[in-house]
Amino acid sequence: MGANIKVTIWNEHRHELSNEKVAAIYPNGIHTAIAEGLEGASSVKFALLDDPQHGLTDEVLNDTDVLIWWGHMAHHEVQDEIVEKVYNRVIKGMGLIVLHSGHFSKIFKKLMGTSCDLKWREADDKERLWVVNPAHPIVEGIGPYFELPKEEMYGEHFDIPAPDELVLISWFEGGEVFRSGCIYNRGAGKVFYFRPGHETYPTYYDANVRKVISNAVKWAAPVNRELPVYGNSKPLETISEK
Amino acid sequence: MGANIKVTIWNEHRHELSNEKVAAIYPNGIHTAIAEGLEGASSVKFALLDDPQHGLTDEVLNDTDVLIWWGHMAHHEVQDEIVEKVYNRVIKGMGLIVLHSGHFSKIFKKLMGTSCDLKWREADDKERLWVVNPAHPIVEGIGPYFELPKEEMYGEHFDIPAPDELVLISWFEGGEVFRSGCIYNRGAGKVFYFRPGHETYPTYYDANVRKVISNAVKWAAPVNRELPVYGNSKPLETISEK
Amino acid sequence: MGANIKVTIWNEHRHELSNEKVAAIYPNGIHTAIAEGLEGASSVKFALLDDPQHGLTDEVLNDTDVLIWWGHMAHHEVQDEIVEKVYNRVIKGMGLIVLHSGHFSKIFKKLMGTSCDLKWREADDKERLWVVNPAHPIVEGIGPYFELPKEEMYGEHFDIPAPDELVLISWFEGGEVFRSGCIYNRGAGKVFYFRPGHETYPTYYDANVRKVISNAVKWAAPVNRELPVYGNSKPLETISEK
Amino acid sequence: MGANIKVTIWNEHRHELSNEKVAAIYPNGIHTAIAEGLEGASSVKFALLDDPQHGLTDEVLNDTDVLIWWGHMAHHEVQDEIVEKVYNRVIKGMGLIVLHSGHFSKIFKKLMGTSCDLKWREADDKERLWVVNPAHPIVEGIGPYFELPKEEMYGEHFDIPAPDELVLISWFEGGEVFRSGCIYNRGAGKVFYFRPGHETYPTYYDANVRKVISNAVKWAAPVNRELPVYGNSKPLETISEK
């Protein structure tokens, strides 16, 4: 684990092309800002919705240790066939980091088994993310909390399965709370949902956000072991009654 | 909770009609044997794969507090539209008890978000189910363990999310272990996976198996509260009157 | 489960006797206010710090299904021998509901295995408690959230083990969050930590607080089964290698 | 995390001196055999029960990233004051790996908050440990299962809190199962309980056992961050600049 991690950043990349405010913040795309902040990856590739096969060819997926996912307005345009391929890679060990509005992506809903619905508000709320699991490597180097001066609000109830480990809880100026850093194992793969990152705010330039994503990449890298074998299986022992 | 629970038992009901050995054990179908052993339900309905809409009309589903599911050889024949309706009812509070080979049903895989694959063997293994959570209401009246003299073996790795609560672990004569009583919350609904019940054994006449299913029905009944509201949300009052 | 639940409410009962403000709110003690709001108990006893054996004689403990605990300024005066007795009863199935400043009680710290420390502030913060597990019986009849207009603030990091199930998260006016409804199994016993209830506020007259405590009493009642047996154990089977 | 891990192995070291069979297997002590199998530590120290302060002086503890603990017949001889020091170091981030009969050590019971009791038998049972969480770094390089030809049996019910993550389940020849690889966070520290290692068997020479312990050391190393701050706390800025 750790030393040699190949990352692919998937981005919908539509808001940046159609909305001047977003384009001003992320002139080279959200994926580029995330990549600039990433530490600990041995290589970083980009894959975009409008690339052939959304950029997620077999070659790319098989050469990816950790996939980062940002999507929002075009979840429905992601082909089911590609979702299935990403899903199979996660079950076989690829790490997956789902950001912000990716909560409603096909891949996240498929891995969670719930609606992944939530409350939301675009009103420049201050967000403060509190660390509730100080032992977890995903918060290495992070203080007791960190703040984002303006963000979209996401509020409970967030319809997810109870996380295997809950690492961060957000406080919002408008009166809500949210489980903002959620860990899941799925098959041989690790999944991290991380809330911040609305397209109209410069969140992916924030040092704490970048640190959490970098930590998550290291944590989510595949464990080096044979995959489980399933199916019909001969007995290992025979029993006699005493 | 508890007093008035409407149960629907869904059964594929194919093995009983096509296999003499199974027909001899369950002449009136697995669903009937389960119903005979059920305590604590105020009403019990049956729904079968070959009924119109698989017996799961809106009327039936809306009038069901807890759905019990047995399927095996014809998972693929269950229409996606019906699966979607069952899924929506679970998220909105209906309890779901998935039995044995139902691990590969469309509804269970959709709720889990994993492959739900496992090892298996039909070789008359003895199974011994150990209670690992003595505080849980699902094992009320159950001893430290109970035995099934002959059963199909299911072995780890079982590709499920880590259960919210793990209640039973099976030991098998041939050398395997299995997480046999697994609890999940999904939305406002409760899900219980219970391993035993291969069609060629009289498992659903076993007193302990019946007790666990009866306990699970009481535990899985919906909690009486308004459903969560999602979507765009105004800020709340954030200041106390001082 | 459920029908016949004997509750004992333990109260330190010192603030009410020494502080005029508290005496005005709880003239008959916090324990009486909790008892008045309790639904679903078949009997309610009181036990106070200054009673002989703190009111927790063997007779009382053995006749208690669920123990509610409120303490604050005199945790250190609770005798270790009595704590040990309460602990043994929990491991053997007695439910325990720990309220507010009881987070620092000897019994809660012993059951948690952590420091149970937290941040706090007495400044009339508004508290809003959000339901994050809509399937749990402890929030039956509770809306998406409920508010307490003024309360002591408790903030993260709260040094507890990750709850087996997290049911409520608090938002505070001053900028903090807190895991306010936390569920644990310990041995055959169920434990619920519920945050609200500072002695200078009329919190135990609040309808939602009373509903949560009443629900918790029903949930925490012991499951009717034999206790686990430990120690030296003969083999159940004999193995031969095939 | 990872690169520079200082390990201390604590061993009771009594069986090896008083029992010829054990002395023949572990002539230089169990601690030496564990140390020989350890990969990934930058330094390894030993601390023994009969050393002054059991070898766990402030200097040693403050210079330890991960503490491995083996004890059995003399748990009661470990001074409470030293247990308290080890406990405080775990809460502040030191990793702790508790082996086999260490389940009944003072430090493990204190961290768990339960009796930690179990069933046991010394009868040369075959043990087979199954991986139930294929995504966890503690099973890197481990196959679907591994076997120990003869071991002491430990059986359920094991009176521990539900593990934060369950990694291994044991099958025993005599008919029992056991949760054999259990993960807990406590404060800023990580705790791993690993079942195998009865003193009369050469278990700590087994390649798989050594691999699991080495993986656990890497996983349990402290995360590099400031410790949480507790106590009285002023309100934070609650309004974004608009």
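We just call them A, B, C and D in the order they show up, numbering each chain from 1.
Following the convention adopted for this analysis, a contact is a pair of C-beta atoms (placed from the backbone, for glycine too) under 8 Å apart; a residue touches a chain by one contact, two chains touch by 3 or more.
Going by UniProt, the chains are A, B, C, D = Trehalose utilization protein ThuA.
This structure is a prediction, so every number in the text was calculated from the model and none was measured.
Visitor: C-D versus A-C: which has more C-beta pairs touching?
Guide: It is C-D, judged by the count of C-beta pairs in contact.
Visitor: Using each chain's Cα centroid, which is most distant from the centroid of chain C?
Guide: Chain A.
Visitor: What is the distance in Å between the mean C-alpha positions of chain C and chain D?
Guide: 31
Visitor: Report the inter-centroid distance (CA atoms only) between chain A and chain C in whole Å.
Guide: Using C-alpha averages as centres, the distance is 36 Å.
Visitor: Chain B: which residues touch two or more other chains?
Guide: 126, 128, 131, 133-134, 144, 155, 157, 162, 164-165, 173, 175-176, 185-187, 228-229, 236-238
Visitor: Show which residues of chain D lie in contact with chain C when the two form their complex.
Guide: 91, 110-115, 117-121, 123, 125-126, 153, 155, 157, 159, 161-162, 164, 173-176, 184-187, 228-238
Visitor: Residues of chain B touching chain C in their complex?
Guide: Answer in residue numbers: 1-2, 93, 126, 128, 131, 133-137, 139-144, 164-165, 173, 185-190, 218, 223-229, 236-242.
Visitor: Once bound in the complex, which stretches of chain D touch chain B?
Guide: Against chain B, the touching part of chain D is residues 128, 130-134, 144-145, 155-158, 162, 165-166, 169-172, 175-177, 179, 238.
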